[in-house]
Structures are given as structure tokens and as C-alpha cells.
Amino acid sequence: MTISAQIPPRTEFTRRRLGDEAFITLLVVLAAVALFLTASLLVPNFFQLQNMINLVTNNWAVISLGVGVTFLLVSGNFDLSVGGVVALSGVLSVWFAQSAGGANALSTGLGMPYFLAIACALLGAMAIGGLNALFVVRFGVPSIIVTLGTMMVARGIAQVITHGSQRNTNLPEEFGVLGNLYMFGTSVKLPVVLMILLILIAVFIEKKTVFGRKTYWIGANAVAATLSGIDRAKHITYLYLFSSAIAGVVGILLASEFKSGFSNRGMLMEFDALVIALLGGVAIAGGFGSVVGMFFGAIILAVVTSAATGLVLSPDWQFTLKAIAVFLAIVVQTWALARRNR
Amino acid sequence: MSQPTAISQGPTDRNGRIARFLRDYYIYFVFVAVIAVLSVANLDQFTLFERGNFLNKYNIINILRVSAPLITLAGAFTLLMVSGYIDLSVGSAMSLSAVVYALLAINGVPFLPAFVATVAVGVVLGTINGFLVVRLKITPVIATLITLSLYKGIALLLVQDGVSAIKSGGGLKMPAWFNDYGREGVLLSLPMAFWVAILVTLVLIIVQKRTLIGKYAAATGGNPTAAKLSGIKTGKIVWVLYGIVGVTAALAGIARSSFMSLGDPLSGDGMELTVILVVLLGGTAFSGGEGRVSKSFVAALIIMSLTVGMLTLVPAYYQTLVIGSALLLAAASNHIVSKKGKSS
Amino acid sequence: MDREQQTPVLSVVGLTKDYPGVRAVDDVTFSIEAGSVHCLVGENGAGKSTLVKMLTGALQPTSGSMKVRGQPFFPANPQEARDGGIATLFQEMHVVDELTVMENLTLGMERSRFGFLVKSDLDDRVVRTLNAIEPSIDATARVSSLSVAQKQIVEIARAASSGASVIIMDEPTAALSEREVERLFGVIRRLRESDVTVIYISHKLDEIFQLGDAVTVLRDGRHIATAPLSEIADRSDLIRMMIGRNVFQTYEPRKTATGETVLEARSLANHLLDDVSFDIKRGEIVGFYGLVGAGKTEIARALFGADKASGSITFKGNPVGHSPRQAIEAGIALVPEERRTQGLFTNLSIRENIPVMNLRKLSDKGVYRSSEELAAANEYVGKLSIATDSIDKHTEKLSGGNQQKVVFAKCLFADADLLLLDEPTRGVDVGAKMEIYNIIKNMADTGKSVAVFSSELEEVLGICDRIFLLYSGALIEEMANGPEVDIAHILNVVTGGGEGAVQ
Amino acid sequence: DDGKRIAFFVSDLSNVFHQAQGAEAERYAKEKYGAEVVVFDGQADSAVMTQNIDQVVAGGFDGATLHIWDAEAATPGVNDALDQGIVMTSFFSPIADTGIPTARSDEAAVSFEMGAQMAKAWKEAHPDKPIVMVQLGWPNHTEVNSGRTKPFVEGVLSVDPKAENLGALDSSAGQEAAKQIIVDLLTQRPEVNLIYSEASNLTVGTMAGLSQLGRGKFDNGKPLTEIVASVDFDAVEYDQVFDPNSSLKVSMGLPPVETARGRVDLIMDVVNGKVEKTSNVAEEFFYKAYTISYWTMDKAEAKDWLKTQFGE
């Protein structure tokens, strides 16, 4: 028998290879670009700046929601309530702002000054976030059940307030301003600018702050995170409040843009937000993913819808095309990640 | 030799047993409570079993009849979720099956062959899901969102442009028998579709309790690595379960299609959410491992009773709020109770 | 034994397994005789678990071949391995919480007819085996209600009753205390008598000498030696083969510290604890010793604020015990019992694991400083000799012992004044154990306090200044450590025979 | 009499028209007949509509006025109800096989007229620019197709047979979808100039999309880039249709008050024996749909119409 006496030499590690997350994000970006170029070949007039801008401006709402949803997913929690919150805050802002003496129930509101009305509507939205946090953190109910429930509760309240329909009369002049404010003399509106700001802030939080890090740790292993001194309850509560606040603002802006509080607004948006996050490489089990990935996940879907519209395809084809595009994007991701980690 | 120390039978044991009892049977209490509330809700206007009140024959028949698709789906969906997987495409698979079944029927294929062929289509749809998830290793949520879109797209493509569903017209006529399966009372005034739903549920209860598939599904959902290292072919189990869900989606599609006398490519829209609602209400763990077919069955009855029962009681726009609140309350009480049961 | 030597029950030739960047098993050749207990030893990351996984079909070798009773053997999955007569108890916990004990015991081995489960003699056999090791476990109970050790026992019972002719056990006793270990040995010996071969992996060398017939030593993935244990002179001989140098294997108790009291626990009680009070002094190492379920983990968790307990806990004069966050801020850190579920972020890299308990040190007004994270990771990987090719390696892919070191590093990084170590060296090899003991001692020498919660008496006696003996959630006796401690007395106390026992 | 119980079906309560209809029916039935009206929401879902029919029997109703998208699906339920002696009538779609009386509104004529008016206006202003039209709505919906999409296209073609029709785009997801589609479509196909937005909530999205692209404007009654038509004229559309600088110029006025009363009256007429319960060829009663148009109706008249029909 041979016994070698040397101890393996220690090496200092400094170089960091491209992390899995950056890798996936890069892939998603490439997939989005490739899809855009393909569409440009197939659809007349597709390759133009305005069309690229549309991809973003058309989807500001769902991308904004995606930010909150992504953070929660990374922390290992779902938020399916955002679509409902969009409807709720929009309806509330209208109801609060409608003047008091209307001809019928749906044209009679509380007559609050506009800014008080939207502040209260935002509070209403965040109450749903608080409810999410309460059930998830305090009662330990799985987030998917909770947020499915609060989604229905939020939309349900909106439906009760609008009798299942909408409120759009008796509104003060300034109600339509925020959602229709053109910025810097371009065709870009305030909501889109806010979305871009939100993304920048989110990326900073995600990459550079302790708060962002904690989100990953909680998502990777909630028990270990708690035992490592991270206040999980507080963190998850912040995330839910954060997500519902975003959804609340989105709802208020949409209500302002369309000058109506519509109880079916944002229907299925929670799913769109989930899909773009997953498409952007966020792991459904938590602990992995990025806001930038989510953003480009949204772009992938937007390219498909936009191209289908340009071709005036019937909805039947739209569904099929969307399925194929998502399938390809996901297969490439899964395959590339597996190869890399083999 | 001294008594081993490990399991301490504390004074909390009795509380624990009560808690466990509550946990195991809570869904039945919820059911009874819902029925009771709905039955007394408009006693001021109608007496207990009178037409107009909840507990009248017609109402009960209606509820059970329209519950058939949901009941059919809930059991298989429960098993799939117990194994830690999910199928968001059930609604679309159901729509596609409804369209296929109606297409066959309207083109002169007799009942039995049309029925069998549609079920076969269901198997194929489920198998495709299984393939994406097991072979291509795509996250179940994504994989089945893809097929949700795909199956719906195909269902829409199978229906002519400018028409909403497969129905009589353009020289074709739905055969007279088409409506019987989903509507015509065969036993206790309830149609075949309902009895098939019951049969499916019973079979799945047995599958869950008495067969390898049932046990392996729980193992796969509870601890996939352990299951694999124990020599269980988890991929195969999952694949089979997706197949079963596909079959039930087809059965649900046939029931719905027959009930409505048409092949509507949107008839299953949103069904995935309803089924998830039901299965979660029944106490199935989203993360897998836990869940009972029988409880999902009761949960399906609860949801359908609520939706139908409320129709004449309150304006329709209260429905979402009531069901959402019910889900939250049920889930919270279930989890609080079951946690008590565990910590004892 | 000579006649059996012609057809070894199992042999491997040139077996190699590559992971990206690592050769975990490198050209290993040896064979195992039938009806023997064959031990597999080596440092953390030596490749033992990887070797086992290849034998059982959980992993496919990169190259090389295996033979069972002379027949080529290439299991594609654990089922095939079991059909070939090889059953395994894997290193990491593999029970299904949602199933009952009984269902777990038969998992994957059920008898069935047309897919329906049927009763069989297997059911009796598994229960008999379970009772032989730990009769208190109720076969109808849900596994989720069992403690870590009880789960481990369920797994052992399952492997032992599988009816296989070769049973592999990867660190079965890591979570067990003396008493269960003894019972387990009884079971293993009985298996050997009925001509079953047991491949036994453990870092507890005493067990190797107690139980083994032959031993194979691995180092850095390479085969160093295979020899009958009778040919191995003593522990140090074996250790030298394992790590290529000598380590001191006797533990010198330190002189007892006399600093001021830093932690005071008074009348802790909850559903597992019964009026527990004690003090911990500055610069002191205290040990908590007791059987499985005696309440060690529970005390550690209560001190750390992870579980609620009535009574009072003060640390340096301030009340603690409400939340882990509060504990960490006050200067207490915990190495939890179960590294994979409670300690590690397995999907994250080593570098991302280490800083989590001391974010203040790495941040500036909430902004995180990644460069210091890198420095910290490098420092601790070096300090604790964590065997890895990159600090960006996911901790999932580290060997068991190295994972434990990462958890340890995480806690050291917290710069705590009181370290609570729950089974700190579980799954750690002898060399690393020494390193960890040295770290513990150094910390105490610099005025920090350490509490060790361990089910290894050797460990407690080796490093602790004072020892608390626990039985059934109660603190029965406190004793100073020293050369004249009475081991028989200790064992008597922790099994419930102590005179001070109160109810 | 002792107060009848009437089930009043609407296809989708989230639509303002149906909302107003339901409210008026409740009020009117109580006032005129002392009857109780329960509104059933079809939730824009055929399956729900079909299930609801069976509740007419179970819910102890004396009569029902249905609004069902698929007549075939409704037939068995209607027959069951008739067997129980319940009065059944239908709205919008005849349930032919059952022979129950039907109240219909003549949407097709209005759609045709709107198409013709728009085409004429465009040709007048831009004789050199060929007409390119598109519809936003429910491309696969049988009734929408026959009452809105098809006649609209025919109306346009009746003026300019060379007009190009891009077809109908699916906007069933609502106003945000409509907006998105308009933005995408007009970026890639800026030449589109006649847009039929087949529901008022979609029109909100359509107009928002147009404004985002810097379009949607008229120059003092002259079309610049496109002309838009809508359905379900309401208070919000009133301002735009009669604004000489907005490109929304025509809308189909469905009169909720008139319709609600008509539907209730029809049921009561059957109850009181004035109309046959069933007849071999189902009896049809037409209710008027109005063409509210910048070109053919004056502002005061439109205001008046709104007042009588929405009670504002």
C-alpha cells in the first residue's frame, strides 16, 4: 500500500465564472432577439423602432406586476392576487373620486379629492398585500392558496362595488391625467416611464442590496434563512406589500388611462405575470431568477402577439403560435442549463 | 430494562387526537355548514323542500348534473398533485375533447366509437403533458401552460371560422342521442355523465388507497429523491398520472359537450382554476405528498353548491367574493388545525 | 474464509467517476468477501458516497466495471441493483414524511397483484427489524412526527430487512446515540451470521474496529488499501492511511474556565423540556449529552429562539430567546442539527452560503459588498480545509462532511460570543474533526463560549469543560469534566437510572 | 296579482348595456307588475348560460327571459321548463326548436348603415386613399358575426366594392387587449382607416391606442387618419361622437330601458295569454337598435336618447 504524505495545496479562488443566473438571463435575451428577427422576416413592417417601443409600452402593466411577482417567486412564494388588486385599486380610485350625488348607484361615489382618492385606493390595494402576508406568514397557509383566495376577494370586492360592471361617470377632470401624461414630448406615457424606473430600482435591489440577497436566501431555504437570523416573516410581508403596492399603482394608472373602474380589468394578468417570470428563467421553487430575465420573458410573448396581430391571424393561430414560441424558449433554456451543468 | 424514552405521550395527546380528527374531517363539516346555510337562506320565501329553496329535488339534480365534469376531473387532479405535479391544461384538454366528440358525432359516428375515440384523444393529450414534463424535464407549470395554449388553439382551429362551436348548421345536424349522456336521467333522475363521474371517483379512491400507483404517487410527491432511490420509477408514475388526468379531461369534455349539445372550444376555459380551487379546498398540499381523492370530491360538491345555490340568493357579482373568502377561511382553518395536530 | 476468497461477492475494477472539474472516484479496484462486514473509510470527499452510488445504480460510472458473484453488474437504477441483491442506506435522509413508518419500510419492495398492494411476510419482517433496533417507534405513525434519529432508524430497518445479500450503509450511525448504535450492531451481526454482506461507511473509527472484518481506505478518490482489520494495528495506523499523516486522537480536556457567567437559562419548559436551568461562563466549553430525544436539540433551539419555551434566558444581562434574529444580534450563533434542511442553502454556492449570518459586516447602509463576500469565502474555505475546486460550487455538490464545514464556516463568520453547536461533527472525518475541535478550543481560549450538543460521548468528554446530562427533557446532573469522570455513571444517568432523576 | 318571479338572463353583466338592462328590469317589473326579477349573469360563457337555464325550474320561477348564445344548448332546458308550465321567452337569439317567442333587436341593419356612412365619409375626404377596414371583437362568435361584423363589412363594400377588409381581430380579453392590438396593428399597417370596435369597452381601448399613436383625430368634422365605429352608445361615447375633432363618429345605440321593458312586457303578455306560449314558427318581436351618428343625428337628440334609455 502506498501512503502519500502531502496535503493538497490550497488555491485561492477569485475568478467567478458566469453564474447560472446570468447565463439564463443571457439566453432569454438571445431568445427574445432571435424571435424578433424571425418575426421581422415574416411580418411586413415589423422591423422598425416604433414596433420595438410598442413591445415595451404595450406591456408596461404586466411587466410592472412581474417585478413584484418575480421577487416573491424568488423568495419561494406565489402572488396570484395581483390581477385582482389591479381591478380593485382601479375601481376604488374611481369610486372614491366620483362625485357624491349621481343619478344612479353606479354614478355615485364618495366625492373625495383626487389625490386623497388614489392614496386611499392604494391603501386598499396594500390591504390585500397585508392579507396575503397575514395568511402566509402567520397562519402558514401555502401562498398559492392564499393568493388565489385574495385574488378572488379583491376582484370580488371590485365586482360588488361596480355591480359586476364598471364605474366611469361623474369623474373629476383631473382623473384622466396621470394615465395619459405624455413624457418629454414623446409618445411615451408616464406609466411606461414609471415602469422603467421600477425595473431599474428592482435590479439595483436585487443585485446590490442586502434586501435583495435576503430574498434569495429565503427562497433557497426558508428554514435555514430563519435560523441564520433573517426575519422571514418581516421580509415576506414587505414583499407582499411591495407587490400589492405595484399592482395598486398599476390599477390606478389603468383606471386613469381609461377613465373607468372596471371590475374585470387585469383578468388573468396574474397568470401573464407568472408566465413571463417563468419564461424569464425564474425558478418556481424559489431562490433563482432575475428581474431582467422576467423583462425579456415578457418581450418574447409580446413579439408573438405583435407579430400575430400584424399578420391579422385568427385567435386560433395565436394560441398555437404562443405555445410553440414558449415551448422553444423553454426547451432551449432547459437544455442549455443541463448541458452546462453536466 | 428501562422503557425507551423516545415518544413521549404528553397530556396534549387528547387535544392532538381531537385536532387530528378535525383535520381529517373538516371538509365534511364545511360541506354540512354550506348546505345548512344555503337551505335556510330563503326560508322566509320558500319552505324547505319547495321549488325555489335550495333543498328541492330539481336543484339537487341540477347541481349534481352540472358537477359531473368537475367531479370527474377533481379525483385524478388530486392524485397528480399528490405526486407533486400539476396540469394547467385540463381546461383546454376538456375543450378539445368536447370539440372532437361533437365533431365525430355530427359527422355520423355512433355514440360508443365516438366516446372511445375521444377518451383515446384524452390519453394522447395527457401523454403529451407527461412527455414534456418527464422526458423534456420542463417545469410542470410551464409545460402545461404551453399545452393549455396549444390544446385551446387546436380546439379553435377545429371549429370553422366565424362560428363559435360545433353545432347543427351548414348541412350537418347533431344526432338526437347526443344530448342523452349529459342530461337524460338514467338512475335517480341523474344522467350517465354523473354516474361515470362517481365511478371514476370510486376507482380513484381505491387506486389511492390500495394500489402501488397511489402509494408511489404519495412517495413521489413527498420525497422524490427517496422515491427514486427506493427504486420507484417516478417518471413512469407521473406519466401514468398525466395520462389519467387526460382521460378524465376527455370524460369531462364529453359530459360538458353532451350537456350543452355542442362542441364549444372554450367550454373548458378556466376549468383549471376551478379544479385547483377544489383540490386545494380539499386540503391537498400544493407541494405534493398529501391529499385525498375523497376530500376533493366533497370539495367539488361544496363549490358547485355554492355557485349554483347563490344564483338566486344574491346578485351574481357577489359570487367571486364569497368563493374567495370561503377558500381563504377553509384553508386557514385547515392549516391551523392540522398544524396543531402535528405539533402534539 | 479461505474458500470464499475465490468468488468475492462484489468486486470493482478500475472504477472511475468524473464530475465537472473533479474526479470523485479514481481508478478504484478492490473486492469484498461474502458474509463479511466490509468497512469503507476515508476523509470527507474521499469518494465513498460516490462509490456507493455507483454500486447501487444511482450514478453511472465514467469507466471501470463491477461484478457481483463473478457476474458483470451494471445497474441502471436502484431497482436493478436491488434485483441484483444490493440494498442501500444512503447518506442523506431518504424517508417520505407524508407516509407512515410502515409504508416507508416497505417502500419500493411492496408485494402486489395486478398493481394492488397485498399483505406479505415482508410486512412482518420489517416490523421485526424495526423493533430490534428501536421498539418505541410506532409502525402506524406518520414519519413526519418522528425525530431525526428515529427517521434514520426507519431507514436502517428498511435496508436491513430488504432481504438483499449485500447491504450498503453510508454513515448509518451519524445521527444515533450509543444505545441505538449498539442495537444496530446487533442487527448487523445477525445479518452477517445469515451470510449477508454489509458494506459499512463511518467516520467513527471505533465502530470500524468493533464491527468490521475488513477495511478499504480511499483518499482523494483513489484506492489506498484493502485489508482485513486484523492486519491493522490500531486507530492511528488507519488514520495515517486515510489522511496521510498523524493526528492526535486523544482529547485533552482544557483547564476549567472561571470567567463570569454570560448566559443564564432558568426553568426552560415546553412540550419537550422540563424545567431546565443552567449557566454558561465566559471562555467555557459546555457539553449537553443525552440519548436520542433527550432534549439536546430542543435546548439549543430554545436558547437560540428558534422554538418557544417558557422560563427566562439572559445573555450578557439581556433577555434573549425570542427569535434567531435577536439571538444573532446579541451574539449567539447556532450550527443546527440537520445541515441540509436547516443549515445550508444547497442551491447556492459556498460563497453565497458563508456570509448570511453577519450581513452587517458585509454591507453599508443596506448595500451589499460582494468583493468582501469573496474574501470571506476564500478565508473560510482555507481555514476549514473545505475540499472544493471552486467557491462557486453549489453546496449541493459537496460531500457530506464538507457541507458540514460550510455550515460551520457560516457560523464562525457570525463572530458570535456564544456558539451553539448541535452535533457539530456529524459526518465529519477524523482529520477535520480535529480541526473543528481546535477551532472550538481556540474560540474558548479567546474568551468566547461554546455549547456542544452531542450524542457522541467521546466528543463531549474530549472537549468540554463541564457536562450537562439530560434525560427525557430534564437536566439531571451537571458535572465537571476531568480524567476521573465515571462513564458508567454517565450512561446510567442518561438512560434514566440517575439518582437525581425527578419526574 | 300575487307577484310573479321572473328570471332575467343577460349574457354578460360586466357590459354596461346589460347592467342597465338588468337594473331597469328589476325596477320596471316591480312597479308595473309587482313582479320580482332575478338577474342571471351568463358571464360571457356558454356553459354558465346553459347551466343557468335549469335554475329556472329549480329556483321556483314563474317565467324567464333568456339571453343565450347557443340556442341548441338551451333547447333541452327550455323544454324541461315548459313541461313544468313555466313561461319561457328568449332575447337576442331565437331558440327555434322550442317555438317560444323571441325578442330581437335588429343589429345587422345598424351595422350595415354605420359601415356605409363611414365609407362614404372617407371617400369624400380622401378619394385617393383606398379603404382598409378592420373589426375588433369576437371573431368566432356566431351572433356577433351575423349582427355586427358581416353586415358592417357589407355596408362598407356597398359604397366601395374595392375596399380591403383585414378581418376581425380577437379582443375578447377586454380594453387593454384592444388597445394593444390597435397599437401593434397600426404600427405595422398604418394604412388602416375604418375601424369597427364591436363593444363600448373595447372602444375605450381602441381610442387609447389611437391616441398613443398620435391618431384618433378629426379636423373639424373631416377625417384625418381613420374613422371609428362602436357599439353600446353610452354617456362616455356621447362626448366623442359629437366632438368634431375625434375620430369616433358612429355607434350602435342599444336601448337598455326600452329593451328591458320590452322583455318584461313580453313575458307578462305570455302569462296573461296575450301571446302564445309556443308556436310552430317562433314568434319574433323586434326591438329597434339605433344608429347614433355624427352625420345623421343631432347632438340634442342624442342627449335625449341617452336620457330616456339610461335614465340619466
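By written order: A, B, C and D. Residues from 1 in each chain.
Everything that follows uses one rule, which is that a contact is a pair of C-beta atoms (placed from the backbone, for glycine too) under 8 Å apart; a residue touches a chain by one contact, two chains touch by 3 or more.
The chain lineup, named per UniProt: A, B = ABC transporter permease; C = Sugar ABC transporter ATP-binding protein.
Values in this document were obtained by computation on a predicted structure and should not be read as measured data.
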Of all other chains, the one whose Cα centre sits farthest from subunit A (ABC transporter permease): C
Subunit B (ABC transporter permease) and subunit C, separation of their C-alpha mean positions in angstrom: 44
Whole-Å gap between the CA centroids of subunit C and subunit D: 73
Geometric centre distance via CA averages, subunit D-subunit B (ABC transporter permease), whole Å: 35
Rounded Å distance, subunit A (ABC transporter permease) centre to subunit B (ABC transporter permease) centre (Cα mean): 29
Junction residues of subunit B (ABC transporter permease), two or more chains touched: 156, 161, 315-317
Residues within subunit D bordering two or more other chains: 13, 41, 139-140
Where subunit C touches two or more other chains at once, by residue number: none
Interchain pairs in contact, sorted by label: A-B, A-C, A-D, B-C, B-D
Of all residues in subunit B (ABC transporter permease), those that touch subunit A (ABC transporter permease) in their complex: 132, 136-139, 141-143, 145-150, 152-154, 156-157, 161, 273, 276-277, 280, 285-287, 315-325, 327-328, 331-332, 335-336, 339
Of all residues in subunit D, those that touch subunit A (ABC transporter permease) in their complex: 13-16, 18-19, 23, 41, 134, 139-140, 166-167, 169-170, 172-176, 179-181, 183-185, 187-189, 201, 204-205, 208, 211-214, 235-236, 311-312
Complex contact set, residues of subunit C against subunit B (ABC transporter permease): 56, 58, 77-79, 81-82, 88, 90, 92, 94-99, 103, 107-110, 112, 115-117, 134-138, 141, 144-145, 147, 150, 271-272, 291-294, 471-473, 495-497
Complex contacts: residues of subunit A (ABC transporter permease) adjacent to subunit B (ABC transporter permease): 135, 139-142, 144-146, 148-157, 159-160, 162-164, 263, 271, 274-275, 278-279, 283-284, 314-324, 326-327, 330-331, 334, 338
Residue ranges of subunit C in contact with subunit A (ABC transporter permease) within the complex: 20, 219-220, 224-225, 227, 240-241, 244-245, 304, 306, 323-325, 327-329, 334, 336, 341-348, 352, 356-357, 359, 362-363, 366-368, 374, 377-378, 381-382, 385, 387, 390-392, 410, 414
